[in-house]
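As written, the chains take the letters A, B, C and D, and residue 1 is the first residue of each chain.
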Amino acid sequence: MEKDIRESIEWAKINGDVLKSLESPRPLFWVILVIALSMFGVGLGCEIYQYQIGMGVANLNNPQVWGLYIATFIFWIGMSHSGTLLSAILHLMHADWRKPIYRFAEAMTTFSLMTAGLFVMVHLGRLWQFYYAIPYPSERWVWPNFQSPLLWDAMAIFTYLSSSVIFLFIGMIPDLAICRDHLHPGWRKSLYTVLSLGWEGTDRQWRNFRMTYLTVACFLIPLAVSVHSIVASDFAMSQQPGWHVTSFPPYFVAGALYSGCAAIITLFVILRYVFKFEEYMTLPILKKIVRLTFAIAMVWTYLNAVEFASVWYSHDEASKAVLIQKATGIYAPFWWMMNFCGSVVPFVMMIKRLQTNIPVMFAVSLLLNLGMWLERWMIVSPTFSHGYYPYLWDNNQWPTLVQWGIVFGSFGWFTLLFMGFCKLFPSVSMYEVKEMVYHRSLALKHTERNLAVNATELAEKGAH
Amino acid sequence: MIENSFNRRDFLKVLGWGGTAVALSGCGNTSIQDGVETVVSYVEPPEYAIPGISVYFNSTCAQCDAGCNITGRLREGRVLKLEGNPNSVINHGKLCGLGQAGVQAHYNPDRVREPLLRNGDKGEVIAWDKALGLINEKLSGVKGDEIAFLTGGLSGHVKVLLNNYLEALGSKNHYAYEAVSPSVVRAANKKAYGVEMPRLRLDKAKVVVSFGADFLGAWVSPVNFSQQYAKFRKADENGRGVLVQIESKMTLTGANADRWIVIRPGTEGILALGIVNALGASGVSLPADVAAVSKAYSSERVSKDTGVPAEQIEKLAALLKERSPSLVITGSAAEGYAHGSQNAAAIALLNRVLGNIGKTIEAPANVPFPQVAVTTGNRSSVQALNDSLANGKIKVLFSYGTNPVFTAPTALKFKENLGKVPFKIAFAHYLDETSREADLVLPLDSALEDWGTSVPEYLGEASQLSIQQPLMEKLHPNTKGLGDILLALLKQRREKEYKDYEDFYSYLRSAVVKNKSALGGSGEDDDTFWTNTLSNGIVPFSASSNNLSAKSSAAGLVLPPPADENSGYPLHLIPSVTASLRDGRHANQPWLQESPDPLTTIVWDSWVELHPKTAAKLGIVEGDIVEVTSRSGSVKAQAYLFPGIHPDAVSIPLGNGHVALGRWAKDVGVNAFGILDQVVDKETGELALNETRVKISKTGKRVFIVKDEGAVGGSQAGVKIAVRVSTDDVELSGEV
Amino acid sequence: MSVSNMLENWSKFRHMHPVDDKPHEEYKWAMAIDLDACSGCNACSVACYAENNLPVVGKQKFDAGQQMHWMRIERYWDDDGREFPDQGAQFMPMLCQQCEAAPCETVCPVGATNHTADGLNSQVYNRCIGSRYCSANCPFKVRYFNWYDYPTTDNVWPAEMTQQLNPDVTVRGKGVMEKCTFCVQRLERAKNNARTEGRLVHDGEVQTACQQACPTSAITFGNLVEPESKVAKKWAHQQVELAAKDVQAKDEQEGGSDLRGYRIFEELRAYPSVMYLERVRESAI
Amino acid sequence: MHRFLQLFFLLVGLFANVACHAADARPSITTEDDLGPVIEQPIEFPHNRHAGNRDPADAADPSVAAKGGMEINCMYCHTYARRSMVSGIPPLRKCIGCHQNLPSVRDTPRIQKLFEYWEAKKPIPWKKVHDLPDFVRFNHERHIQRFVFAQGKPVQEACGYCHGDIKTMTVARRQKPITMGWCVSCHEKDHAVDATGTKTTHGPNDCWQCHK
């Protein structure tokens, strides 16, 4: 039995360990930062070039009007679902083990949404006119087209982004207060003072806090599901073969959770190493995520199979043709790769021994992410290259460096945001870890009296 | 309308109104802006030109020899678009892509703008009077027969002036050269029907059998034929016409045929006689002389020689017998081969046997003024010229409207012989390969800026004089019309005769107005007549049609056996004339380069058409860069696998492969003229275009062919896009 | 501009489509293309370039599949593996089909493409933001995107070439979608003249550029609402209904119909305004 | 809990309410004036002098030179307006046509400038005042035909809908917003089709009317 969080761990130590992650970083941090910066720089450069010359530099054409941008956009949206899953859903399920890790998962949600938003922009032919898509009251009397799934998309994403930011923030208030109290005067201290909204840890504050947190959590879950369903309807509501599939929304949501969990494992390993969080991000927790991921992987595989089957047994020749072309055409290597990464690799997670083997799990999680990214690409591109009109079939355009560059850059952008977050805010929720520890200790002490006594003590302690 | 165009040119000096000429910011500023743009209004208001309203002027298309009548659409003094003139008897308001690209010839940025005098290997700008003076002095002391004038096909008053000028110089050397003209067909027609270009009535025919005549694409007068074709296809009282195309390489016309019959190159004549024989066998009475010739051609033998199945021949004969009148047309079958004339004669027999002469082959209306009638260009003339160049007989050479350095077979060494001429003058729109060699280049007005008249070779319903008039003011101040230049040159010689003509325009006007009574303008005063003439753009001749003489004898008609397999050069090269590029003089008009070749959908390049079978044999796949080698040279181009070609043949389109001409033509594709062998038709001495034998070798390089069709090429992959139905399963009668 | 106005606009936008209770009133522009007459000569395509200010993109961009021909002539061969295409090729002039229930219209996020009262499928360049969703959802792939800024690209309209541009048609900058408009500038001109004289546009009074050029007159264009118009007669004779309920009446007949009229992708129920007439081939030879 | 929910619903309701009203509140555009910049023209053309109303002080018989405006019909100079998209700037000859018979003003500086252009046969480079974006195609003919000829509105009123009260200006200056919303605000109204005013329709509202 691996080492789990010790019930005897000192709360001061918890504060100390977590706050240490806010202190001036190790050299490794700077190295990563520079790499991320340069990646982002590349992406930015490509985008500026594309903006100047025109979308043609991405080497899109008729009929291949959408490229990696849309695929990557879906990928990042999907990524964002993990945070909600861990913090909101598991919160409602009172799964204690989520407590040390949900904070960075939420951050991930927020930042990947921001990244996804970028791709919507990058994709536009006339970026400088994007505001036409916003339903603002203009003297022109023209409105966006409310029939267009793309418009629903924009709205859903915006809503999701704003509410997940709120959720992230609310969840952090008690910790911010702790930071405020433990830091020497300086800009950070004043920042936390402002952000912690005068948190004192009084009973009333705790009550309101929990109520708010719960409400937002409840609000967030259906939202998260709807967001990716809407992204799915971008395709499902169109008329094209290979897109016009009823099972797309659940399929996309499953895919989203899947890639989200995979991403969590990746970041889990990284943070655990970088910030020395072995105490809190323990192997049993990893094991739990891995198992969860495996479950979702199976759901995704099932839905994937359902999609193929429903196309295969339909009389829709066009869609069938697309499917065949995916498996045999020029996209075949990527398509098989996707199926391998998405449906075969996860079986590694079944092996009990490997579930806690950090290097293996790290590798696996990366493969899963790759698979999920490929999945999105395989949804977008093949349909274009094998649509209804044979005269333009297989008129393929291999993405240019500009496209790859921007995709590449988006990862840099995400990393930047995330690293910034880790240095500015506690990436492990201190108060919840304390709760967790407390619950464990309760499990040991059985008497009502102790319970009562400790409870009062703890309440005061917890405030400081 | 207006009396005199020069006022009009002044009137037309006006800049664009809001968002016209400068409409290049289509999605630019999104809000109103005050006092930024300037509006320049007219100084004097032209009655007919209202800003924002289009005006239309009639003129004549100069893009090919069909000489369609066009209508130019003008806005604010700029010609925007060329459309067909509805009153034309040639094109009835329609216009082909080539014709419409005329505006790009006019606005082309690569036009010559100043007179250029050679200095070393570059041209220096000189003034017009200097240039003309120079010509005069170069001509002094040169004997008449040492002066030569090389042109393309030429007609109308420019031709009159040219002839007068040559006469004034005492020269008889007028060489009219057209690289892809149907010159052997003309000769054959002359023999068979008594006229060079009879009127073909597709619209009357129930069956049309064409031996490689691409009359829908690039042959003689495509727009006229296309309209007849539409009538011919319509299921009216004499039913939907049937088109059978017999050729070795599918042309646009072949692609539209009910039955496209692929034939071994050069054996068309044999097949024709085979059909005659089959007709005889099926009970059609053959004249003795014909029967004598044709009896040797049993279906079996013909089928062996031509590769056309015997039953196919029978079927065709049956169809011809059953459906009359029919029409048999000779195209590449005649132009292509050393025995082209015999082929043509044999094919003409078919028309005679089927009694089409007088029914679907009619006499053309004749041209009452022979001096303006067309001088058709041919290929033998350039050979003649080349000879006299070679032995230095020519001291001064004028060239206009043709580009032999590009189109003449390298075997002639034309370019190098040209060098032997001490002084060469080129009247040019562009610096093409030939005018680049000239010592003096005189810039010409575009066809839309110039005055002129023309009489097309193929006349259609009636003969007429087509008026060419400026549609807008000159783009470049220092260009001149050919007529004006010739007039100026004539004045050097015959001052008093021409002194009262201030310019070509006045010459033209008086020349036409003088004969107004003969031109149906009797009773009108000169100005009204002239005004009507200009507004119509057409002057109908009171035409008395001459008649055909159908007394050609088949006696002595012998056809050579099919060409033996030539081991060294196994394949026949069939250079194809495409509808948009023709002989390549318009290759610098981007619309023509960008509009896909109808059959291969390839753009912006040349290609080598190979039958998939041949390709498989040679291990060639689409996109391979192959080297096509003849005895006279070789070119490298991309291979395109094309089912519509005889396995023993390869085809390269003509017109591309320029080394000069302009930004859109230079270094695009390869020039197939270059590798043609100098083999001529025995009777006429015309270059036989399809007689070149080639061999093909891979170079190892491979490219993606730039074409419009997708990777699945011509397949519809079972999707119902373009549907075809057999006459059995469709009810055509009563269609509107 | 109000919320009510917004909702109202939206419903109007849908109502442009002819539903049984609200058919087209004055005009419904439609086309009939006779594939038996079409010879594939490309004249229509060039005419379109001239009329609608289409850029010539050049070899490299053509290779990238970024050509802009609103009117493309497709060439098909038979698939039956005969050694020679001895019945010729199949030519197919493909242009925007101006669908009545156009897939492109519903998906545009900014409503830059929508239906006009004349049953045209309008594309508004200055509203377009270039999401390219319309093209993604177009079954015919007849929408063309400005991948580059052609007005400022070398050798597209150099020097004097700009003077050829048609002032009635906006020159498109980079990043907007464009497509065949049925030469709306000509239609508007004709309607305007007619309105001034207080009448409707006569049949044949207005021609599209492609129709005008076509040497074989394969293209018929006109007003479907006017029963006497040539195009209406053709549609009627071929028993092709504009917005048929489910399948065309003729297609329900036993053993198919012996009429030539059909519309591409009828089964998608986009209800195109372009009817094609099947190419005919003689059986006796 | 309840308090919290109350607050929640209160906020949401408030927001929705404000949003609707904010959206509903729009300025009545048609009457609004929004003066464009003053524009420097090569010749400072006095519209008021030509098109302005007669000064009642002027003698009744036209032989006496008028002091006020001369009430010249707009379309006398902008003659293309009724038959073309563009109204047109009058050709130079038109100005001269009258002015060579008006010795009284012959040597005022503006007229001298005018004649200089005429002698040089140079067109006057007027600055465009109402310059719409290139993708907007306003059709003068349609509006003039509709309002002046079909509906019998006075010319100056009809032109004034968009050009404002030109007859009081010297150098013309934009007076109306001429933005899309402004156009639409008029197009959505029902107008009488003819003089009788019994039948009314509103202007066309599909994009392709102006954007092609």
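One rule holds in what follows: a residue touches a chain if its C-beta (ideal position, glycine included) is under 8 Å from a C-beta of that chain, and two chains touch if they have at least 3 such contacts.
Bear in mind the structure is a predicted one, so any value in this text is a computation, not a measurement.
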Maximum centroid distance from chain A, chain identifier (CA atoms): B
Per-chain CA centroid nearest to the all-protein CA mean: C
Between chain A and chain B, centroid-to-centroid distance (C-alpha), Å: 67
Whole-Å separation of chain centres (CA-atom averages), chain C against chain D: 37
Whole-Å gap separating chain B and chain C, where each centre is the average of the chain's CA atoms: 32
Centroid distance [mean C-alpha coordinates] between chain D and chain B, Å: 54
Residues of chain B whose C-beta touches two or more other chains: 17, 19, 22-23, 25-28, 30, 52, 709, 715-718, 721
Contacts with two or more other chains, residues of chain C listed in rising order: 1-2, 6, 67, 74, 76, 92, 114, 125-127, 170-171, 175-176
Multi-chain contact sites of chain D, meaning residues that touch two or more partners: 23, 26, 133-135, 137, 179, 181
Pairwise touch network: line, ring, star, complete, or other: complete
Residue ranges of chain C in contact with chain B within the complex: 35-37, 39-43, 45-47, 49-51, 56-59, 62-63, 67, 69, 72-77, 79, 83-92, 125-126, 151-152, 155, 157-167, 170-173, 175-176, 209, 212-218, 230, 233-234, 237, 256, 258-260, 262, 264, 276, 278-285
For the chain A and chain D complex, residues of the former touching the latter: 137-142, 208, 211-212, 215
Chain C-touching residues of chain B, taken from the complex the two chains share: 16-17, 19-28, 30, 52, 75-76, 78-84, 91, 93-97, 100-101, 103-104, 107-109, 216-217, 222-223, 226-227, 229-230, 233-234, 240, 242, 244-245, 250, 252-262, 315-316, 319, 322, 475, 579-580, 590-596, 598-599, 601, 603-605, 613, 643-644, 663-664, 668, 704, 706, 708-709, 713-718, 720-732, 734-736
Chain A-facing residues of chain D, complex: 1, 4, 8, 22-23, 26-27, 29, 179-182, 184-185, 188
Residue ranges of chain D in contact with chain C within the complex: 20, 23-24, 26, 133-135, 137, 139, 141-142, 145, 181, 204-209, 211-212
